[in-house]
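We call the chains A, B, C, D and E, going by the order they appear; numbering starts again at 1 in every chain.
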Amino acid sequence: MATTTTPTTSAATSSAPAPAAPGVDVARAVRVGAIGSVALAFVAAIGMLQTFDNRVVFVPFLSLGDVIFFAVPLVTGYLAGVVPPGPMGGTPRVSAARALLGAAIAGVVVAALPAVLIATLRSDLDLRRTFPNLSPGLAQILTLGQEGAAGYLALLAVCVGLALVGGALLLTEERMRRAVVRGVEIVLVLALIELIARQFLGNLGLGALHQRLYVTNSGLRWLPAVVLFVLFTAVSYVLAGRRASARERMLRTGPERQRRSLIVTLVLAAALLVMPMLVGSIVNELFVNVGLFMLMALGLNIIVGYSGLLDLGHVTFFAVGAYGMAVLTSPASPGFAPELGWWLALPIIVAMAAAAGIFVGTPVIRLRGDYLAIVTLGFAAILERLFISDWLRPYFGGAQGIRRIPGVSVGATTVSGTDPRAMLYLTIGFVLVAVYVSWRLQGSRIGRAWAALREDETTAQAMGVDTTKAKLMAFVAGAMISSFAGALFAAKVGSVFPNSFELLVSIVILVIVIVGGMGHIPGVLLGAVVLIGILGGPRLPGLLQEFQDYKMLIYGTLLVYMMLMKPEGLLPSVRRTRELHQEEFLQDAWFDKKGHFTDDPDATGAEVAVTEASAPPIAGDAADGTEPR
Amino acid sequence: MRMLRKGVRTAAIVAAASLVLTACGNGDTADLTDDTEADADATGDEETDDPGDDPDEDAAEAGDLGSVTYQEGEAIQIRSLEAISGDVAFLGIPNQRGTEIAIADYGDVQGFAVELGTPLDDLCSADGGQSAAQTIVSDDTVAGVIGTSCSGAGVPASELISSAGMVMVSASNTNPALTQTPFGTEGENFSEGYYRTAHNDLYQGAAVAEFVYEELGLTQMAAIHDGDPYTDGLTTAFQDAFTELGGEVVVYTAVNKGDTDMVPVLTEVAGENPEGIFVPIFPPEVNRVAEQYVNVEGLEDVVMISADGAQVEGFLEIAEAEGFYFSGPSLQFEGNNNEITDKSATDFLEDYQEQYGEAPSAAFWAHAYDATTLLLQAIDNVAEVGDDGSLTIDRAALRDELYSTSFQGLIGQITCDEFGDCGAGEIQIILHEDSSVTDATQIPVVYTFVPSE
Amino acid sequence: MSIQEFVDTATDGTPAPEGEIPVLEFRAVDTFYGAVHILKNVDLRIQPGEMVCLLGGNASGKTTTLKTILGMVEPAAGEVRIDGEVANGWTTADRVARGVSMVPENRRLFKRMNVLENLRIGAYLRNDDEIDADLDHIFEMFPRVKERLNQKAGTLSGGEQQMVAVGRALMARPKVLLMDEPSMGLAPVLVQQNFEIIAQIHEAGTAVFVVEQNANMALSIADRGYVLQTGQIVLADDADKLLANPQMREAYLGEMPD
Amino acid sequence: MSASTAPAATIGTDEWPGPLLEIRDLKKNFGGIQALGGVDFTVERGSIVSVIGPNGAGKTSFFNVISGLFPPDEGEIYFKGEDIAGLAPNQITDRRLARTFQNVKLFPNLTVLENVMVGRHCRTRSGAWDAILQTPRYRREQKETEEYAREVLSFFGSRLAGYRLEQPAFVLSYANRRRLEIARAMATAPDLLLLDEPTAGMNPRETLELTELIGRLRSDKGFTVVLIEHDMKVVADVSDRVTVFDHGVRLAEGTYAEVSTDDKVIEAYLGRPADEEKTA
Amino acid sequence: MTATDPPRTQAPSLFTRARRRLTWVDSFLWVIRVGAVLLIAWGLIGSIQRFTAGLGPTGSQWRDLLVAAIAFGAMYGLIAIGYSMVYGVLGFINFAHGEVFMSGAFIGYFAATALSNGGLWQSNPIIAMLLTLLVSMATSTFMAVLVERVAYRRLRSSPRLIPLITSIGVSFFLQYSFLGLFGATVRTYPTLPPFMTGNIDILGVPVQRSQLLVIVVAAVAMSGLWQFVTRTKTGRAMRAVAEDKEIAALMGINVDRTIVTTFAVGGAMAGIAGMLYGQLYGVSFFMGFLPGIKAFTAAVLGGIGVIPGAMAGGVLLGLFEGVGPLLILGGLGIASPSQLRDAVAFSALVLVLIFRPSGLFGEAVGAEDRA
């Protein structure tokens, strides 16, 4: 790293100059290539290439399997030349030699393991008892159908060629690069959603356009794909210049921000109103599912995001809502079937959920963080077992669940899962209520108590916050909001079975909250859209149904990636961003201060705070109340 | 609101018109000639106003469900909706593959290729089945569906598919509610256009009860299910039938999926001294039961009876499985031929091994194969080639055709009754005595049950 | 005197005694947290057996200095030398092995371990046979520690904990002992006791580097002192001269100029 | 509570004629180790009392027990005549007894203003429904809370004003954190304020400033203050009375002049006569 | 005390004092406590009555059940150690530990199959099983260390939710990677050699040899670990790092390496458990999930961070869920009690924590600290 001594007076703001562009980093290229090689072999060995080989996305030549295959060397080639940012940030420019030569080296390395794979597949070794996905067809894909030595050459050519493309991408301007990536992403998604596009364009009266763009029940035609790619790349390129950086937006306050958010709100509201009309039943269905998870996630957000109580059993409240609705409304409920109307049953189950919140919340009040997590998880497990049990079969139907749950009567009609559009309107209504309630609570007195609780329970209590009450309030509010999801779910599906309330649901809800942005309503909503809408829920398909088999794998990878790269979530709250980026924030504070305040020479706090950020001080003296009670 | 809806409808008509025009232009598109089908969503709106789906409605008259038309060069679309991920994938994957092989074997339908599209996943749950079915009914080019794997998913899926005018044939739904009750009336989840080649649980429960009571002469039985609606339904049916015959189920209990330590439940069973245990659960739990029951005092000599869920290589090959009885639909497919594709079960298994590198992991592959040929045959029978070379399938006619199709399949005679039960309904009990025989079709039959009409 | 003048005097402060290699030395060290420049061109030198104190208020860079010595923060520029060798890039363990040891602020014993374990872990990097002898030496110095050997460290009184903390640091046989704020939050009697211990260690021949806010106490026993302000050494002189320095008295000894 | 010697009606109110805080024979053990071994302690309304003593003498435990973080094993704590022993910390804060912590415990990711507004929690009453329905009471309280918080912060002059209000607490300097913690405690509108080492880690100038501020807490705000402090200069400057702790019991009590010349105190705590300390 | 005795109220009685502290939360908890005790007692009485009436399992059946439960619990204990140690050192729940266990069992299966195909399993079973055990341990150790290196190391200073979520991600990734690579089939280890099957008499009590094996191996592993942690320098370093990483570094301890060691040791224990579990119950990609959660429960039950607590918690949990359903629920006359074993296990956890909020062996609040 470059070293400079800086003038002492303005030293605080100085940063190191960008180092000169380094030469070809062979070691890095080989390392990145090796990772790429493992990745490609892995993707092949778990059967992804073959599974997706039948799924044509760009008519007539590219299948989804090919896209995945080609993406690996491309990304590897790109990464091979990247110069890791120095400790003071800033990405230096890369020389053409570094980018291209590095990419070429990486490309060769990438081809290594797949080549071994091909050799093995062509040999007489029978690996399929161990690796069921290593089928002869795989060799065909990896060699692009070439026989003999030509196969290896084809593989090498693909790897090196695409790596070079990746390397070349590195040489372009960053804004351009982002635009290209965005363009590829959009076109790829468009290619995957032929049926949805067919419905949507049909609803818009643009069926002819669909015919031009797509092949029915297949993918995008190649020429429109190219045109769309160019179009979207150009649009992203232009837009990228206009968009204020996320950081600026985060720090911006005052009327401008308010006006902006008002406009955003209005646009969103209009979209919400019109969207279900246009998008067709698949997307409507998808968004109903997303909406249900939004409700659950908003509920959990109060418990985890606002109050910092790690609840790993949130599905409990969903289950109470759904089973409650089933028992109260279904004529087929085995034990007790008052056959109430949905709206009549709703307040009852919300009250039941509140009671469940108190029941779950009370025993865990005195427990510290992770104990709380396992106990809530335990409650969810207990409840799931009770619903499936023969013991309570006379009330909950055991393994057979409860069926024939009527829909929601709205006026003269009944809304249920067979009509996803109406269901979506209903769901949107409830999500709006939940959002409003969450929003109002967050800024209120109780919201501040939750925030204090999350920061430091003992101190909050010492400052007069009734932590018992605040915790229970959080559980009750979270439970009530989540019970809406259960009630809607029962009416939508028309039947409830115990396996819809497995532990995985709790985990997925938590993941939504955290990946979206803990404690931040728009973040939580976005989290649900991304995870449930695109990938799908535990027992729900998402937009990319093709990836069903690999959904959990992608989930896992995405989670790890997110937590390492962007732990505050996709759309974080200011507070959470501060918490996770205290260091960066301190720099801002430092700059801020420079302009404002000169009276207090040693009140910068920077050192103290940075020290604390990296290693929170252990409670110094004994028994000063730091221990949990 | 009314204005909007009107707008949408106008848009739909414009869309339909443009579709027709473009179709004439390049002859490369799916075309929907019936106006009610022009916009699936718009019509869906009206048709599905009553989700309760009155089951008493008489069979639809031909023509009022619309039709689907394929232009020359297009493929007939059918869909597979099976549990292909998660813990029940072992059941759904062979079903899907059976369907794939059947499509390949059947070949073209009146010169039109048949396409399965992206296989859909019922996730073995009601919500998963509903969402996936929603995808299917949104695509008005789909002629029919093979699925679901799980009865729980089948309930909402059959309702949706039925109200969209489509048909679905399941290979492994066995829950009585989907078709008929023991009294020959509609089951509570019966829907028009739903068929299955799988047997009805009630028959199997009765078959086991009869076999145990009359053939083996046992009167004290235990039953263990695993919380799956299927196994739970089966043990309940068994209990009812056995009690009616005069026997007694002294322990009725359950394990959980994922359990490995079966000693507690077996001790519970042993405490009541049953003469036999009916344990129709799936691997791997059934493996654990087989391995552990011999070590539980008092169970050394009990008669063990399992069901079709366990008739897979992974269970049959373990030594502890020797001596187990299995109930299930007739699996003596050897010599059986699907008369439509002229394929024997043996050939099928060879094909399967060749193509997928393993033997089927569950017993319903033949049901899936027959279900698919059943559907394709019916399509073949009702499809009409128009003057422009397009192929039109009338949905109502397809339903009717399915209700009246009859042929010899891999699993035996396929004849659909008025509630959609098409399978033979014959239940066999086999005795597994040699763990080197891992092909269930090779295991000797000791009892055959034919439901009395 | 302006800051710049302070700086000028600091850089040519006390010359090193001829021929001796400093146990600890900073040569023009700069450190950053992100883009924030914390230490600015800091020079420090501690000779064997010497007792030096580093004075400064909050956020002056004291903690960062200690972290830089211990390798928890890497300098962006300049050299840290331990026993004459350039230590940049060494791990904390390397530095401890070369004779740097610290008594942290607030003692921070391993409360769940007993006193003996605490002392033994001080000698973690040592493999010689003299550990037991050194333990005896510590017991000699602090007889009360010996009485409490099997007691959990968390149950000791504040004064006893301080003894164990010093003992633990001494078990590493340091060439230079770093003391981080030995008077912070302590009762006067303990502060006094602490400085007596420091003096004792110093007399025994170990170099001691005391980082303090309480300038009076530190300067009263130190040989030399450095004054750190917003990351810069603004004063460096013999302890008695510092005590007499008027600016020093005003800024760090709490005397108001009125 | 029937047999009180004062009118029962005044218990727990400002009319209570007796001492503000009266503690008798307070005992507390932690895992068999005695932290407090029978402490008697009285604070009159309007006084400033310092508690001093060696580390580990039980001072912080004493505060923790008074403020309800740990229940006492034995003994009585009367606050305005009401026995508060065994109440939860928030109930005690509710009764107008607030504290700060030895190692500053702020809500680091909340802004300065929010930190202080949390202190108003126990003086406001609006609930979840008020917030959802935006009742007039809610809006009034919301406004009052913020205004009160700003007013409390203005007590510290320019230190915690202006742009600082919107800064998260973790960027504050050490001294400002201590100030903010006091402000937060003030926001609970206490009668009695317990300050645990308020000047620890401050430089002499800041210490001086804070010493003056503690005086103003009484003169301007009317708080009664009990503080733990190691800086004898601060103790000497502000306290009416000084209590010395050692090994969980009271070693001495009196004015600063009295205790600083007490031999026991010198031996256990000061180490040498106090005037020596000053010139050292 | 001031000269004039000020007026004051009378000291409240102990009862008043207790009642004041007793909020409605406490009342609620007391209701649960008393209710649980009553239910358990009632269930026990029911079972005893049935037993004396000659109904239900016989004495020897109960005994066998007990032994099986202990053996099963011992495996939980071995897995729980990994959770407990990682929690002790890094303070977060390593959800991926169940998959570490699974990977050991899985690769152990391949080793065992290879040895069986090579004939060693049959000809020299003890060596073959030891080799398999080594493979399992090595795999799990490697996995644990790899996961730490790739996923957790960069998260040392993050709030603890972040590594928790990361570990959930890792868990999904490993589970479904194994599914993709090796398929969904449940695979069975080669059968145990004849001298490992059947019963053996211990003090007149017949015990299944395989269960005895599990108990013995677990006991040996556990005591070895205990020696390691308390007696060796590395063990001391681990405890030091668990308590205070910064100060540990000041002592010259390489904190990173110590953390890696912690993961490795936890992984090795999980590997042992994996091999035993796989041998008895087969292997599948999903096998780590439930035992993982149960083992974590066991760790909490015993007091997380306390190594002997993890083992004790494991055995206890094994007993609760092995014997509990039949003994208590059976006695209460509840249908299909075995189906509720997980419910019993988690109820036991909730109850234990209601009675002892820091777990059975967890440190009581304030015990270590004094003012």
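Here, a contact is a pair of C-beta atoms (placed from the backbone, for glycine too) under 8 Å apart; a residue touches a chain by one contact, two chains touch by 3 or more.
The model shown is predicted, which means the values in this text are computed figures rather than measured ones.
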Checklist entry - Just how many steps, at minimum, does a route from chain A to chain D need if it may pass only between touching chains? => result 1
Next on the checklist: So, comparing C-alpha centroids, which chain is the farthest one from chain C?
Outcome noted: B
Checklist outcome for this item: One chain's C-alpha mean falls closest to the whole-protein C-alpha mean, and that chain is A
Checklist entry - Does C-E or A-B have more contacting C-beta pairs? => result A-B
Checklist entry - How many angstrom between the C-alpha centroids of chain C and chain B? => result 78
Checklist entry - If you average the CA atoms of chain D and of chain E, how many Å lie between those two points? => result 44
Checklist entry - Taking each chain's centre as the mean position of its Cα atoms, how many Å separate chain B from chain E? => result 41
Item to check | CA centroid of chain A to CA centroid of chain C, Å | outcome: 48
Item to check | Touching two or more other chains - residues of chain B | outcome: 227, 252-254, 256, 358
Checklist entry - Of all the residues in chain D, which ones touch at least 2 other chains? => result 30, 33, 35, 55-57, 60-61, 64, 70, 88, 102, 173-175, 203
Checklist entry - Considering chain C alone, which of its residues make contact with at least two other chains? => result 57-59, 108, 154-155, 158, 185
Checklist entry - For the complex, which residues does chain A have touching chain B? => result 55, 128, 132, 135, 195, 198-199, 201-208, 211, 215-217, 277, 280-282, 285-286, 289, 332, 385, 388-390, 398-401, 403-404, 406-407, 413-414, 416-421, 489, 492-500, 539-541, 545-546, 548-549, 551
Checklist entry - chain A touches which residues of chain D in the complex? => result 30, 35, 55-56, 60-61, 64, 67-70, 88-91, 93-94, 98-99, 101-103, 105-110, 114, 117-119, 121-124, 126-128, 130-132, 134, 138, 141-142, 145, 158-159, 162-163, 166-168, 170-177, 184-185, 188, 196, 203
Item to check | chain C to chain E touching residues, read off their complex | outcome: 70, 72, 91-93, 96-97, 101-102, 104, 108, 110-113, 117, 120-122, 124-125, 152, 154-155, 168, 172
Next on the checklist: Under the definition above, what is the set of chain C residues touching chain D in their complex?
Outcome noted: 57-59, 155-159, 161, 184-193, 213, 216-217, 220, 252-256
Next on the checklist: With touch defined as at the start, can you tell me which chain B residues reach chain A in the complex?
Outcome noted: 4, 8, 10-12, 14-16, 18-19, 21-22, 26, 28-30, 39-41, 44-45, 48-53, 74-75, 77, 84-86, 115, 117-118, 120-121, 123-128, 130-132, 134-135, 137-139, 141, 152, 155-156, 159-160, 163, 177, 188-189, 225, 227-229, 231-233, 252-254, 256, 356-358
